[in-house]
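Labels run A, B, C and D following the written order; every chain starts at residue 1.
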Amino acid sequence: MQGLLPDLDVIRKDFPILERTLAGGAPLVYLDSANTSQKPQVVIDTMVDHLERHNANIARAMHQLGAESTEAYEGARDKVAAFLNAPSRNEVVFTKNATEALNLLARTIELGPGDNVVITEMEHHSNIVSWQLACERSGAELRWFGLTDDGRLDLTDADRLVDEHTKVVAFTWVSNMLGTINPVADLAARARAVGAYSVVDASQAAPQLAVDVQEVGCDFLVFTGHKVCGPTGIGVLWGREELLNELPPFHGGGEMIETVTMARSTFARAPHRFEAGTPPIVEAIGLGCAVDYLAHIGLDAIHAHEQAITAYALEGLQSVPGLTVLGPLDATQRGGAISFELDGVHPHDIAQVLDSRGVAVRAGHHCAKPAHARFGVQSSTRMSSYLYTTPAEIDALVEALHHTRSYFKVDR
Amino acid sequence: MQGLLPDLDVIRKDFPILERTLAGGAPLVYLDSANTSQKPQVVIDTMVDHLERHNANIARAMHQLGAESTEAYEGARDKVAAFLNAPSRNEVVFTKNATEALNLLARTIELGPGDNVVITEMEHHSNIVSWQLACERSGAELRWFGLTDDGRLDLTDADRLVDEHTKVVAFTWVSNMLGTINPVADLAARARAVGAYSVVDASQAAPQLAVDVQEVGCDFLVFTGHKVCGPTGIGVLWGREELLNELPPFHGGGEMIETVTMARSTFARAPHRFEAGTPPIVEAIGLGCAVDYLAHIGLDAIHAHEQAITAYALEGLQSVPGLTVLGPLDATQRGGAISFELDGVHPHDIAQVLDSRGVAVRAGHHCAKPAHARFGVQSSTRMSSYLYTTPAEIDALVEALHHTRSYFKVDR
Amino acid sequence: MSTDLDALYQEIILDHYKNPHHKGLRGDPSSAGTAEVHHVNPTCGDEVTLRVHLAEGPDGPVVEDVSYDSVGCSISQASASVLTDLVIGKPVGDAMAIHQTFLELMQGKGQVEPDEDVLEDGIAFAGVAKFPARVKCALLSWMAWKDATTQATTEGASS
Amino acid sequence: MSTDLDALYQEIILDHYKNPHHKGLRGDPSSAGTAEVHHVNPTCGDEVTLRVHLAEGPDGPVVEDVSYDSVGCSISQASASVLTDLVIGKPVGDAMAIHQTFLELMQGKGQVEPDEDVLEDGIAFAGVAKFPARVKCALLSWMAWKDATTQATTEGASS
């Protein structure tokens, strides 16, 4: 098959969990990577080495362990800056996850009555509810791009939606439900044209596309560590340096201050301004290692692999009678998450039968209820691949789906 | 020496980093545990086992790995609930650190002009700046308890400070600078008497005292994972269940919702209400293991050990000419962090000379600038012990302090 | 594997799923002793709208009728169907006891022996207790019923 | 170990620490060409208040005087003392070049060879560059000086 990673066997050996067997001796077929990715040994080992040999608090500690820990943590910031092609390391703020990064923006960007925020109907709940709450607090209006029947953004109304009162245009790069890849540079330009901030949710893009914030031309971009082979507990907010320094502080606490008296305080500049308290140190170090791992394999190669697997999966899925894929059908126009419906079997029941054969997929609304509602479905089943996914695993999925139909006697 | 942990040698073997040697072959003498604690092997191994064998997203994933991961994560919640003697597991909210937990409260407790918030002059910046920002946003007034010359809360004005307009009384259980142990149950009762919320910062208490939220009688209590032998990236907010369910949501995103439409959303009950997005899964699991480890050794035994070491250290420090301890001098009345000044040598320079002998202490304001200002000092040197600290390490510290004086020729 | 799966998807469950009893909302939602609730499983989006009508019996209130509309998986659908069979016509106190027995079965991690005398077709859900992710599915309509019944009772009491 | 320590705490540094030059604020803060700044090291709380007075020289502005008040460790105190020795009386352009050279030395992780002709006593700080936590101490007053000088220059330009 064209486009697969050449050393797929070797890459799979990097991921210890892929050797696991499940109940009944079934080997693990992990097709839930859009939910969270598996972790390569090198990321785990880097974290262990830090905890066993270098653990100390950062910045505040002046001893040797403190210096080592600080260097490792700040080194991770350099790695993430390189991963995003950020003009400055000061633009990389470590957060807990993508959700916190989005909420940080929704809490600190000033909004008021008369302003509006534009999102899209295919956002993850994190990029919806954060802005709903911000609009409720401030009296700003929430607007959104609708979707076309084939699962793309409906831009026909764009000039009316994004207007001179728009303060923020926030959108996902790759949909976690539909797989759609959005025209992020165009959307960022549209925001810029009216003087609004553009916020790109790259949670599903960062794992599988080369991200270059300068090329996208956006103001802010977020992603989450656990989907790019890093640990949980770490996310990234990238923002243009001058914009970050204009925002008011988010949380108050250690490390984000310049000076503190009982009556008032002054604050550090970005990135520390937004990193109150002891940050997720070992998690940032794990993430730094993870993005280096991905860069070493090459994001372009990973993207090609994802596209090859996705094309193969789309083909295989369509061989299952009664199966409907939600979202674009052209693999080159989409990411590696494929949601689908199967006539006569509820997603929970599909996932359950698949699981009994070791095939792990997600069933539900995937934190994208509005996108499901748009297509008139309550929930769906989603398979999602990653750099360690093999065509044989897709075969196992397709076979398990045929089995599901017969288990639930759908044809009778 | 009375009170030391009986199996101190065995306990030290649990902490791999204690075997480290530093530049010049000096063995590590880690006396910076109030800044962050070291991690026992069992915590590291538990995290590794999760990452290598059970990693999956929680709640949303219905497959076997998802069930294992969810069970481990929710199991950690049970362990933390037991650690705090919480009436219900639903009262344990996982946060990023103590700072986030305090900011969550400062963002969600409703305040307005005419209201006041009462803190103390010995708080960590996290319990100062969070409320300063909340008061600035809302127009509420910030008040604080001052300190007596021997480093205790000055309660003479208490009836005037905490009045019928008080909405929150927030205070630390153990000071991270002065070591002072505060009368938390009394303070909580005082808050209750005027209908205010009590918020206890147990960041320095949880590592070394048995914490029983029912005994304290407070409304909210926070602590941070990395100081109780757990990893970074995880903290805990405990709150009375009915109060948590009355608070509005904090961050918007996945897992904290009940249902979402583009126009509006409804929210889950605590704890999920406050856990937006993918939580720090492996970190919570590490923390669960850590609190079990501490409980296994016994918090009372750990407390006795800390008191024995602290008494020994106070005695040793006072043998150093020109050294002044800040805070209470009676070991039974204080925690294990001891800040001090040394005539003629700046804390940075002390820490540097100590570090050249492998002795790791903290120098600076320890995120407690107002408490330093109260005692007219810019910064101080702080030693802090933990369950793995030996009397010999205290001897090494004291000897290194004598050496510091001679290195800087203080007597001449 | 497929034994476990068969323990989950017992014939009784699949039958109720294909032919659910008492499905479709009935009666006047605004009549006395009636309460309607809407419950959601936040994880998967399954929903149920459930209506309870209580009547005064000789020894206290009786569950006169239960009806519902729902979207969901086989487990949640079958469970709603079994629920209605079990509680319609029962005194509220007895129905609440059945609820408690079903709850205990579901939360028993597969260690509780189901009581056929009390649960009838509900014993088929014993296998579900071994799948923690599915317990919520089985309980969705039961929790909705309890909520609605409590509301209808309190309303009755206060009126 | 103590070799490293001695490389950090060179005699020159300890001398400047014990007898700092130009310490104590001087001159009229509101006079033309004068700027005063207050800088803090957020980590440790060390502070400096530094005042710069620029004068017009034949070939552009000249650093007429620098004075300061400060609290801090030996490295930050000695560094302020050395700074004043180096820049007072120099044309602003030359002084900025010295600043740049010192900055490069400090950020060089111990790999940069110090130029005694430019840095004079400042070469004693070469050892500091090996202690990342202390680089901020050495740079505190230098950053404050640059800030104040830039302010004084812009003010001059705009008036």
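Everything below uses one rule, namely that a residue touches a chain if its C-beta (ideal position, glycine included) is under 8 Å from a C-beta of that chain, and two chains touch if they have at least 3 such contacts.
The shown structure was predicted, so the numbers you read here are calculated from the model rather than taken from an experiment.
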Farthest chain (mean CA position) relative to chain A: D
Reference interface A-C: repeating pair among B-C, A-D or B-D with over half of contacts shared: B-D
Distance from chain D to chain A - Cα centre to Cα centre, in angstrom: 45
Computed distance of Cα centres, chain D from chain C, in Å: 77
Chain centre separation in whole Å, for chain B relative to chain A (CA means): 31
Set of chain C residues in contact with two or more other chains: 43-45, 131, 134
Residues of chain B engaged with two or more neighbouring chains: 23, 60-62, 66, 255, 257, 259, 348, 352, 363-364, 369
Arrangement of touching chains [line / ring / star / complete / other]: other
In contact (per the touch rule at the top): chain pairs: A-B, A-C, A-D, B-C, B-D
Residues of chain A touching chain C in the complex: 23-24, 26, 346-349, 352-353, 356-357, 363-365, 369, 372, 378-379, 407-408
Interface residues, chain D side, partner chain B - complex: 1-2, 4-5, 8-9, 14, 43-47, 71-76, 131, 134, 137
Chain A-touching residues of chain D, taken from the complex the two chains share: 40, 42-45, 131-134
Interface residues, chain B side, partner chain A - complex: 16-17, 20, 22-23, 28, 30, 32, 35-36, 38-39, 41, 44, 47-48, 51-57, 60-66, 96-100, 102-103, 106-107, 121, 124-126, 128-133, 142, 144, 224, 226, 231-234, 249, 251-257, 259-265, 276-283, 348, 351-352, 354-355, 359-364, 366-367, 369-370, 373
Contact set on chain B toward chain C in their complex: 59-62, 66-67, 70-71, 255, 257-259, 268, 272
